[in-house]
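We just call them A, B, C and D in the order they show up, numbering each chain from 1.
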Amino acid sequence: MGAMNEQALAKYTNNFLREVEERVEEGDWVKMCMQCGVCAGSCPFGPDWEHSPQKIFMMIRAGKRDEVLSSDSMWMCTSCYNCVVRCPRELPITQIMHGLATYAERLGLAPKMNPTRKFSLQFWDNCTRTGRVNELKLVLQVYFRDGFVSGIGKFWDMRATGLKLLLARRMNPFELLFPHRCKDAKGIQAMLKKAYEIEDRRKGFAK
Amino acid sequence: MAEPKFAAYLCKGCGIGERIDAARTAKIAEKEGKIALVRQHEFLCSAEGVALIGSDIEQQGVTHVAIAACSRRSKTEAFQFPNVALARANLREGVIWVRPDTEEARETTQEMADDYVRMACAELKKMKLPAGSPERGCSKRILVVGGGISGLTAAVEARKTGYEVVLVEKQAQLGGWAAKLWKRVPEREPHAAPVDTGIQALIDAVTEDAGVKVYTNATLAQTSGAPGRFNATIAVESGSTAIEEIGAIVQATGFSLYDMNRLPELGAGKSPNVVDQAGLESLAREAAAKGLPIRRPSDGGEVNSVVFVQCAGQRDDTGRHLPYCSGYCCNTSIKQAMYFKDANPAVDTVVIYTDLRVPGNGEDFYRSAQKKGVTFTKGRVTGVEPSGDACKVSFRDLILDEDAAIEAADLVVLATGQVANAGVDIDNPDATDANGAKPISILNLNYRQGKDLPKLSHGFADSHFICFPYETRRTGIYAAGPVRRPMDIAQAKEDATGAVLKAIQAAENAELGRAAHPRSGDLSFPMVRLDGCTQCKRCTVECPFGAIDEDEKTYPVFNESRCRRCGTCMGACPVRVISFENYSVDTVGAQIKAVDIPDEFSEKPRILVLACENDAYPALDMAGMQRNHYSAFVRVIPVRCLGSVNSIWITDALNGGYDGVMLMGCKHGDDYQCHFVTGSALAKERMSRIDETLKTMALETERVATYEVAITDIGRLPKLIEDYARLIEKIGMSPMKGFA
Amino acid sequence: MTEVVATSQTIVVVGGGISGMTAALEAAECGRQVLLIEKTPTLGGRTALLYRYFPKLCHPTCGLEINLRRIKASRNLRVLTLAEVTKITGTRGDYSVTLKRSPRYVNENCTACGACGEAVEAAIDNPYNYGLSKMKAAYLPHAMAYPQRYVLDPSIVGTPEGAKAKAACKYGAIDLDMKQETLEIKAGAVIWATGWQPYDAAKIQPYGYDRYPNVITSVEFERLADPHGPTGGKIARPSDGKEAKNIAFIQCAGSRDENHLRHCSRICCMASLKQTQYLREAYGEAAKSTVYYIDIRAIDRFEDFYKKVLGDPGVRFVKSKPARIAEELQTRDPVVHGVDTEGYHRYATRHDLVVLAVGMEPSVKGADVPHEIVADSSGFIESAASGGFFAAGCASNALDVNRSVQSATAGALRAIQVVRKSDRVEA
Amino acid sequence: MTKEYAFYPGCSSQLRGSASNYLTSVNSMCATLDVKMTPIPDWNCCGASIGYAGSGELARHVMNARNFALAEEHLPGQDVVASCAACWLGAKETKQKLDASSQLMADTNEALKQAGLQYKGNTTVRHMVEVLIEDLGYEKLGAPVVKPLEGVKFAGYVGCQTNRPFGIAGESFENPLYLDKLVETVGGEALTKYEQKVTCCGGALAFSEPEKSQAQIKDIVESAYDQGADMIVTPCPLCQANVEVYQADINKRYGTKFAMPVAYYSQLMAVAYGATPKQAGLDGHVIKPTKLQEIAVKVVPAKK
């Protein structure tokens, strides 16, 4: 990647754009943006973003590789698809945002402390381990991800909610001991392993 | 024409019969109007009523008909009698519909009707049936000036319509700019890639056609005459000259590119790697000829990065460059970026723009370029600094809101604009064009008013009219293509095709001695009594269409087929020797005199309204249709244009005891709406001088008022009239009554 | 029964708007026989419903008056209103055109005295004000209507209202027994000038045209400013008639959008710039316009007008395609949400009224033209295999008035080229 | 006759899941409507949109493709019907991508082979609501109503993923009306002017950045109150959970007094069809849907 980094620093060349086209999900749509800004205005979390999608697309064209990939903006996406249905150029913006986040993660450029990043990884890990999401484990992981003490604290804050859910039988301690799982969890592991392998091959990641 | 026989018809329909004493009005037509045959009818526009008039014309040889009914704008189909002079008294929209139906209003309304009938009869007596101009041009050949894509298109289209063409081109070859392009922007779907210019096919069509006489290396040494009988003296570089008989002219002299050397801040002239769009086209053609990719001019090196700078020296507000947008450059840069992308997608092409202007399906072309990887950056370029074989392009990125730069561009293309080749500015012959060049005349017209087409703005010979884009101020000469307005090839071809139709029309009109737009088909034409002429030159100077030349003794020489029949000359003439058969100092003068002027104790002032027939009069009509009431003291006379108003009418009116005169014309100034360009402006100016006359007559200056009105002023006009009537009431009745 | 004389030298022009009138007149004034077909009861088309033209701010009816006078004076031009073309067969120089003619229920005796209009009480939506007002069911379309003849809305025919109209007419002009008729005529060439229609703004869901009364279209705004319009020229908003002094103009409402119209409609930018000046004219210093745009497309010397508007302190430009419009519950004020992309600034701006600069689509889409033609993906006509069928004005492309007239003039010449060929064959 | 579908309930709706009561009500509703929903044997998680950081592109599609393959194998010819918005979205997106790219299809099957499966590409993906509206229609849905939900005012909260980017055919993204129509079908009062119906609840950030998602939820609930709603109704388990569960925290954060019940359309229908509170999953709420409760316990004479 080093060489590519070097090149990409040359601003307003299309190197980074090409990199995105090759390696980011739906990345070849980025060049189609006409900077109307409808996505930026449609995002429910727009106010929290450092960069709006349309601006990120511009930054990609401008070759701002590190700024884009280390940005936490993409991680704000809640997959509400408002931008996608309104975009006059029909860009799959949600997928591109996820794609950029995923790519940043693979390159290790994603903001380490971003909570959604962590949750996203935990979620995937959680659901692929057995083939099904174990909501209780997931919740606990989330609370305890920053260590035991803060975990207890958060858990304490949420105890009321948790209790209500327990009473409503929508959260169940049994899940910790006898969780839901797919019978063929093994098969799932295997097929996913293969999937990663193929994708790495296709997107030309050095293994 | 046989002994004139007059007849008047009074319609009682649409409530006229109920609102006025028709018998009395009819008697007035007989006695005062001195009309032998006067008939009343319940429903004159009915088939039966029209037949009655027809039979009178047939049986009794009636030649002059006065119809007192609705407005001259209504029932025109019904009241159409070939070879009969027609005057109309507007008793409906002009009288009963603008007056309240009350007892107290009855008398004044009646007087209004009576006067309009008097006026119609008086006008009729002075009217002659126009016979059409005796000056009949016979040539119908079309002269096309300029052999670029516009001119060639004009020539081909004229031929397809069966007209002979003479084509004059300054250069040695035909083809103009289009011949210098490698490819052009597509006109049709898919708007995906550059296409062939098609110029060669046009050149062949013209050169292989015996019906087109082509002069290359040639210019116009002189153009004299008028539609149908132009004489074009063509000077060929070799020194020979030829004279061609011409019916009408299409001027398609195109544009020069704005000189990029005026843009050193954008690197122009500092490196061969900075080119304008024409420069890139020639690079593309050379490369294509060798079957190689486009190379870097400085060293023939590979081109990896190209930057297109939009609006280079355009949309400028410093006053140093072109203030306007040339419209075609965005699509052209997109096309040129595709030259690179289609050959090698690895080349970086960046278009830096502020507003990307690709209307219509250009949007598809834009999208297609993006698909090919052309990138677009909304930014303002601040500088281009060549260093070695590369150029640094600095700009403000308007989206990222920061200063940015492209460090090493191999090629920088400046999208400079179009400067019209429109000849000399006749209003300011010493002016230089946007490139600082002193233009030489293109048409070399021997017209009294100057050698070339009048320019509209920014040096383009465009029409000022939105609804009538071909109406220039020189009848029978039509500008087409970028000489008229910045435009691309597709528009130029369409424009040239339209211009040819207008040229053909002008030639055909000339043969029939008819007027061209806006009085299309009018057979009347200005006639001058030279024995009375004082050679004051007002008519020759003021004619908006440069129709009148001067002979060696500075007598006016009228060229009817250049004339639009507005009557501005008639209005200008201090000795009143110019008139039309059916519209003259007398036809209007007689109407003014015909009005019955009550004495000054009657408290019945009379206000003369001279209303432009194109806008003010229809507005008054529509006010009537909406039943918007106004004073019964006004007497309205429609005029062809306020420019045709001769001050004698005003002074006669005032001497005759009128208490005020309102002149209603169209808006003048930069956004003028006068259909005869300068008519309303001239009237305004003339009336500013009438104050003197008023003083000598010891009359208040308020007694003559000029108004700019629009056709939509249906609400405003009645108000203006009411206000003016009140003003007259305030300053009192005219002391001149009873002397005339 | 309508009598129409047409031969293979006749040029049939379809559409009585400015393009159709121009094409017909230019051909007729070249001495050609022309039949002008109009679907509605009057000539004038869409421009007759505009208050002013850009960039001169002159009045469309001014040019209409001239064109109507040319038509009245022309011996070669015949006008057929309330007529629609249902079929065109044949080729260059030899077409057969089938017309469907709807009844006007008023014959040529009509003097436009207005008695029927006074007698009738039934009212219908006024299409000449885009339904923003009502009009009597016996009506003269508008003050400039040509032919200057009343029309009875079919809804009152066969009702007591229809009878009232008939009774009120002294001149036997009202004929309630008129029937729809079908005519077949010959023609040498056909010019298709059916013009454009505003894109259905309700389809642009985020802008809530179908939900919020104070979100209107640019064509409706023209009527609001027009003295002949529903408010007599007062710029007042629909919800409460309050003077609208703070107006948002949203560009590309439907245009340049894969979800709606893929093309750029060309006129909308200039139309909005023009409309900001209506506001200026009406409210002076109090006028506040905000133009939300992607690119301002003020081409050639229209740039001068753009510069003039840029200099108007009452007009703001925001480079943004607004994301959505919300409505304040109490005031019913529209609130425009989006991001100014020049430097990324979010806004949520309240306005009195929002005017959507709606896109232009062909009134008759290529696929619906009753003849074999080539049209682009937007439905604009490019050409016809039969060779003697031409498009003019906005049936051929998204054009402003000036360019439409050029296109129509060119179309007239092409048609003449066809019929003069057929003279020859017949001569 | 009985309509049969391959059911893809999804993780949250499964037994003991956070939306288990949704499943309960769906089952009850389907029983009444004579719709047979057979769960896809050994179905797996769709990966959901939030899983992106770990999943990448292919793995996500493979997860969904596995369910398709299982459905093809065990429930041939039956549409795969998801009741969860996220599952439906994920599955439908995969379906589209695979249909569009033979490359992706091949890669996917190469991976599936590891689990001894193959996807032939015959699956059709539907949402429970599509089945109701398109296969049965409002009329059929209205027929079994024995306890019309008279006098209850519902704010129809559609949320994001049931609505965008695919949505229900014929509905607009900004103002879908089917939920209101469903409410009216079962005799309830639909607050059609409720303008938060497609606002995002911020589900994806509910755990990671609660303050952000709760700001969203506040608007959603507040405007339901403004409209005079008795409860919110939704088709999405994630929306339901977020909007209901966090009201207490929102009250803490903003000093509001929210206690707005949030029910599933399926619960409305079950109750209207005469289900017991338990059958309709009314016991699964943190904020009790009292009005539904009251109607559910009412005894009405059985329909003749």
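Everything that follows uses one rule, which is that a contact is a pair of C-beta atoms (placed from the backbone, for glycine too) under 8 Å apart; a residue touches a chain by one contact, two chains touch by 3 or more.
From a predicted model like this one, the values you see are computed outputs, not experimental measurements.
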Revision key, fill the gap. Touching chain B and chain D alike are A, C
Review point. Quick one: most central chain, C-alpha centroids?
Key: C
Practice item. Give the chain pair, either B-C or A-B, that is connected by more C-beta contacts. Key: B-C
Check your understanding: Where the CA atoms of chain A average out and where those of chain B average out, how many Å apart are those spots?
Key -> 64
Study note, to complete from the structure: Whole-Å distance, C-alpha centre of chain A to that of chain D, is 23
Study note, to complete from the structure: In whole angstrom, the CA-centroid distance of chain C from chain D equals 47
Study note, to complete from the structure: The positions of chain A in contact with two or more other chains are 34-35, 54-55, 82, 85-86, 89
Review point. What are the residue numbers in chain C that touch two or more other chains?
Key: 206, 256, 319, 324, 341, 344
Point to revise | Per-residue multi-chain contacts in chain D, two or more chains | key: 173
Revision key, fill the gap. Every chain pair meeting the touch definition is listed as A-B, A-C, A-D, B-C, C-D
Exercise for review: Enumerate the contact residues on chain A facing chain C in the complex.
Suggested key: 34-42, 46-47, 51-52, 54-55, 82, 85-86, 88-90
Revision key, fill the gap. Per the touch rule above, chain D residues touching chain C in the complex are 172-175, 195, 226
Check your understanding: Which residues, counting only chain A, touch chain D once they are in their complex?
Key -> 25, 44-45, 48, 76-82, 84-86, 94, 98-99, 101-102, 105-106, 110, 115-121, 123-125, 127-128, 131-133, 135, 138-139, 142, 160-161, 164-165, 168-172, 174-175, 180, 182-184, 187-188, 190-196, 198-199, 202
Revision key, fill the gap. Contacts from chain C onto chain D in the complex sit at residues 205-206, 208, 211, 324, 326-327, 329
Review point. In their complex, what parts of chain D are in touch with chain A?
Key: 11-12, 14-21, 42-45, 47-59, 62-63, 66, 107-108, 110-117, 160-161, 164-165, 167, 173, 199-200, 202-205, 207-209, 212-213, 216, 241, 245-246, 248-249, 283-286
